[in-house]
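So that you can tell them apart, the chains are marked A, B, C and D in the order they are listed, and the count of residues begins at 1 in each.
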Amino acid sequence: MSIFIDQSTRLVVQGITGRDGSFHAKQMMAYGTKVVAGVTPGKGGQRFEDSVPVFNTVAEAVHETRANTAVIYVPAAVAASAIFEAADAGLELIVCITEGIPVLDMTRVLPFVHERGARLIGPNCPGLISPGKSKVGIIPGNICEPGKIGVVSRSGTLTYEIIHQLSSHGMGQSTCVGIGGDPLIGTNFVHCLTAFEADPETAAIVLIGEIGGTDEQQAADFVRRNVSKPVVGFIAGQTAPPGRRMGHAGAIISGASGTAAEKMQALEQAGIGVMKRPADVVPLLKSARI
Amino acid sequence: MSIFIDQSTRLVVQGITGRDGSFHAKQMMAYGTKVVAGVTPGKGGQRFEDSVPVFNTVAEAVHETRANTAVIYVPAAVAASAIFEAADAGLELIVCITEGIPVLDMTRVLPFVHERGARLIGPNCPGLISPGKSKVGIIPGNICEPGKIGVVSRSGTLTYEIIHQLSSHGMGQSTCVGIGGDPLIGTNFVHCLTAFEADPETAAIVLIGEIGGTDEQQAADFVRRNVSKPVVGFIAGQTAPPGRRMGHAGAIISGASGTAAEKMQALEQAGIGVMKRPADVVPLLKSARI
Amino acid sequence: MNLHEYQAREILRRHGIPVPPGEVATTPGEARASAQRLGGKVVVKAQVHAGGRGKAGGVKLANSAAEAEAHARAILGMTIKGLTVHKVLIAPAAAIASESYVGIIVDRGSQRPVLMVSPAGGIDIEEVAAKTPEKIHRLAVDPRYGLLSHQALGLGFALYGDVHQARAAADIMQKLYQVVYAVGASLAEINPLATTPEGAVQALDAKIVIDDNEVERRPDIAALRDVTAEAPEEVAAREAGLTFIKLDGNVGCCVNGAGLAMATMDLVKYYGGEPANFLDIGGSSKAQKVVAALRIMTSDPRVKVILFNIFGGITRGDDVANGIVQATHELSLKVPIVIRLTGTNEGEAMEILTKAGFSALTDMDEAVKQAVALAKGKAA
Amino acid sequence: MNLHEYQAREILRRHGIPVPPGEVATTPGEARASAQRLGGKVVVKAQVHAGGRGKAGGVKLANSAAEAEAHARAILGMTIKGLTVHKVLIAPAAAIASESYVGIIVDRGSQRPVLMVSPAGGIDIEEVAAKTPEKIHRLAVDPRYGLLSHQALGLGFALYGDVHQARAAADIMQKLYQVVYAVGASLAEINPLATTPEGAVQALDAKIVIDDNEVERRPDIAALRDVTAEAPEEVAAREAGLTFIKLDGNVGCCVNGAGLAMATMDLVKYYGGEPANFLDIGGSSKAQKVVAALRIMTSDPRVKVILFNIFGGITRGDDVANGIVQATHELSLKVPIVIRLTGTNEGEAMEILTKAGFSALTDMDEAVKQAVALAKGKAA
């Protein structure tokens, strides 16, 4: 098993004829992901790489190909609309790679996705990969190995760094999920921790957080109450300067300021092994007897 | 028993200090309805008729008095807002008497009410009465008698006429509900038929419809499938001229034109006794052996 | 409240929907001048609140400004479905490559605004809907989110295979949806939504109906009301706060409540009479409203008897009684009045009427039977 | 992107929120003229993107136009938290009966815009929030419905007992909510929302922060950017498509991805060094971006070594390598460069770098250790 994606994932690529979309569609196909359809309005009827049918709308793509997952590579200006479209077409999983979606767009997108019962990963995320089974997004397949470590991260390249450490030391991954660094995202740490805890193939979990917000604190609390598997964590931004202040409201709303120190403390208090640097991931997991 | 309201109804009157609100609040109190609060912004702290506390907001009224039902008498310009407020405050039943609410306001109000799990009756309706127990709205209490006939109607004064016929002939009512004549309403015939069917105290049902829309046809279909109790019906507007045409869209959307003849036929086909005139209600019910 | 085509076109234009130029003329001379400015080859269209203008001769093609003037002379002053034409719209006669239909109406069933589009637009759209309903595409718009871009584009592709035209149509649909909420429309439709031979997508004709309940809070829209385009007695009724629809019979009916009013008309018919009107005095029962109602009914020479049917709830019987008495002072009533009155303040009402020499019944069937008999010239 | 107070006030005014008059001055003479127009008794306020202006001496009360000129002379050109003041706002010194707080911020937790109000407004609002949180009233607004009238009025009553003031505040809240979506704000706040002795409710000071992702689609808002109010190197970085924040250390860091960039800075510190900056070249890896990054870093004389840490994903290693080589031609690089590079097109990158005389590592820890050693003047 794995979480969210596997061999049954049937993928529609929104923006398949664009620069990023076409590049990564090929990468995903090469990795073995079942890319069953692409969508670019006005290019309906074409075939991508002589094989994948392209449609004008996601609804048509789903109707014709029984796609169950969408990945979005369209420009930021139309990315919110692409998420609406994917959710409206009944897709169960929607992965939005696009960076730069205005947060106010997301305030409208998220309840819509939720009402339709879909899961959104991202936006502004590298996607996810269940090594050896399916890759949806941009995580380089060649750094991953199949195995029993679940990885969930707010970061992109830092995730690659951690995966690289794991794979180099023979610790394969069940699924690696990049949940995205934006303030409003569809799937958070707790959702992923819940799924990893329920996944019999995942033996331990790596959680990669950042400064800002309180998601890591909530994740720590969740781990303490609900996760039986070993968890190790990393928080990027220990030396980062305090974020630009958002008026008074920022301080009022968050109360806590979301520093790395606070987050690392929360992880420790939840019994999570805290890395000081990315290279600590392997020794920490080993000490947890994985 | 009865439907929707009874002795446990604890009523907050929105617009209690207005012309209509104060008049009908007194009528309801005289009838025995538990009027526990009133709301008029800016008059919080006063007492209506030296007894009922008045609040600035419905939320405060609910918090202080455990009201479970609201009735709305505010002007049309602020009536949609009053429904939002009542639903937001967690009231289970909201009865909106106000006439003249723009239908586009209702397109936004109805999903909100639905999401909050509240029942809205109306708008533009006379409200409801469970004779001898509680009256919420403007149906004259003196024409009603406690009994076993459930009455549901799109009309106002025509309902009084039918109730008057029933009471004059010793046929009391379990509950009489005026669902309102507007295009978009919160509670329709089918909701009321469902409740009457489930109410052990209701032995037979009178359904009073009008030309326009297809609610009566749906009600007939529902009766055929789901209602075991005798139902008699009336459709007002047999001689009405065809409604002003709403462009082409009106004809496209409705297909059927919603005439009285169509509706009466639908009722008959569902085994509902159809009155030719209001005075037929008693003989028809008698022939159904009530 | 209906808007004229030229008013609807202007609203669409203000919301960024492409609409060809057009001018309103109230005289043949103005029509000629407009046609000249618009290049000579124009359509002259009667501006009247009635369907089937074309079939009634209210829409004519002119090849020159002189011909436009002649057409305007013919159309201005003509009567279509009882309404006199006071204005014509002069618009350039456009070459049309295709005609689609786009409309939004608030739908009872889904309780939402429903967007309907069809590639088979034009004057036969209703026949299309009846005979080939699969050519009508519908979408119930969730008003919490509005008409979303992808939804509009999906319907755009239902109209046009070309992506640019599909996008243009989608943009028009989204703007039309905004129009609905911006002006308080219960209906907004573009028929035809036309493509030119060059591929441009344009709204050639538009219809907007305003929800009467929206008018009060929108003074800009209220100002568009054209009372010369409505039946005078309906204007008078509206101004008095009454709902009035004229019919062909001779029993004038004055009732409180729409349902009871219809049931009263039905009962008139049941007992062999013919109602002269639908008239609902509504809930608030000021005496002056009753006077206005009597004035409107008695202005119709066909009315042989006036039947009041009042079941007092909010409406107070004494108010109605006072109104009837007051009307006898203000108007010279030449037809008999039958009064049925029960409910709130019934006793006071009876007293007032009796003092003024009227009698009143409490049973609806009895009252209707009397009125029908009087209308037929028989003694009650 | 931060707006100046005077810009935020203008936006509020355009949306119908009552804001007292005010004028912007860039010279003491202009300040005097403005003060004269505004009646002499004014406040002179530094327009600068930094909090704590008042405590830094950037807000001063003047009793006359001459005094306003003197204050402007003192404030214009002063430095507050590293930023030079180029403009002052001149506003009439209003008599204030009470100060409330109204703010809207997009909240991660509820994933909604959250409206916060407090009757205890003014400069100590943060202390209020920390010490007496019960004085802050919050409402997570459902963006599907917007801020509803009754919700705003409920919060209005939390600020004012008087119904007229409560309604005025509610109206301001609803308009402020519209401002958020109209301009693409991640924050909009009024502090203080003041009442005058006559009872009027007014926005005395306003702060709006625009979501950077909104700027591109809103040219009117983009035009409000004041580059003179930002650190020059951050302006240069933004224009090159980089994210750059200056720090106090001497190890220049150039990384792809914000998380990896922070982890790299952390590792510099872990090995005893001090990062000179946060610099994220982002996903798209054009060589020119790398050149710009090197130009910005080398313009800081404190930087003793430059550390590249690139994990190729979307970013291609060869693009980065080409950028480094190109920069050695365009710039005179006086500090050593340590390169860690792995991932996409790693082989090609190594070849390019080797040819140009650079060596590169693939291990992050090794590279950071080398860079720290070089910064301390030791051989790697």
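In this text, a contact is a pair of C-beta atoms (placed from the backbone, for glycine too) under 8 Å apart; a residue touches a chain by one contact, two chains touch by 3 or more.
Since we're looking at a predicted model, the values are computed, not measured.
Colleague: Work out which chains are contact partners of both chain A and chain C.
Modeller: D
Colleague: Based only on mean CA positions, could you tell me how far chain A sits from chain D in angstrom?
Modeller: 27
Colleague: Can you compute the centre-to-centre distance for chain B and chain D, using the mean CA position of each chain? Integer Å is fine.
Modeller: 55
Colleague: Quick one: chain A and chain B, Cα centre-to-centre, how many Å?
Modeller: Computed value for the inter-centroid distance: 50 Å.
Colleague: Can you pull out the residues of chain A that are in contact with at least two other chains?
Modeller: 108
Colleague: Can you pull out the residues of chain D that are in contact with at least two other chains?
Modeller: 144-145
Colleague: Drawing the touching chains as a network, do you get a line, a ring, a star, a complete graph or other?
Modeller: Drawn as a graph, the chains match no named shape, so other.
Colleague: State which pairs of chains touch, listing all of them.
Modeller: Every touching chain pair, ordered by label, is A-C, A-D, B-C, B-D, C-D.
Colleague: Contact residues on chain B for chain D in the complex?
Modeller: 41-42, 44, 56-59, 78, 81-82, 84-85, 88, 108, 112
Colleague: Using the touch definition from the top, list the residues of chain A that touch chain D in their complex.
Modeller: Listed in rising order, the residues of chain A that touch chain D are 20, 76-77, 99-104, 106-108, 110-111, 126, 138-140, 143, 153-161, 164, 181, 183-184, 208, 210-211, 213-215, 234, 236-241, 245-253, 255, 260, 276-279.
Colleague: Provide the residue numbers of chain D that touch chain A in the complex, in ascending order.
Modeller: Listed in rising order, the residues are 51, 101, 103-109, 111-114, 116, 125-126, 129-130, 136, 138, 142-144, 180-181, 184, 186-187, 189, 191, 207, 209, 211, 213-214, 216-217, 245, 247, 255-260, 262-263, 265-270, 275, 278, 283, 311-315, 342-344, 364-365.
Colleague: Please give the residue numbers of chain D that touch chain C in the complex, ascending.
Modeller: 144-145
Colleague: Please name which positions on chain C make contact with chain A in the complex.
Modeller: Against chain A, the touching part of chain C is residues 145, 148-151, 153-154, 157, 163-164, 166-167.
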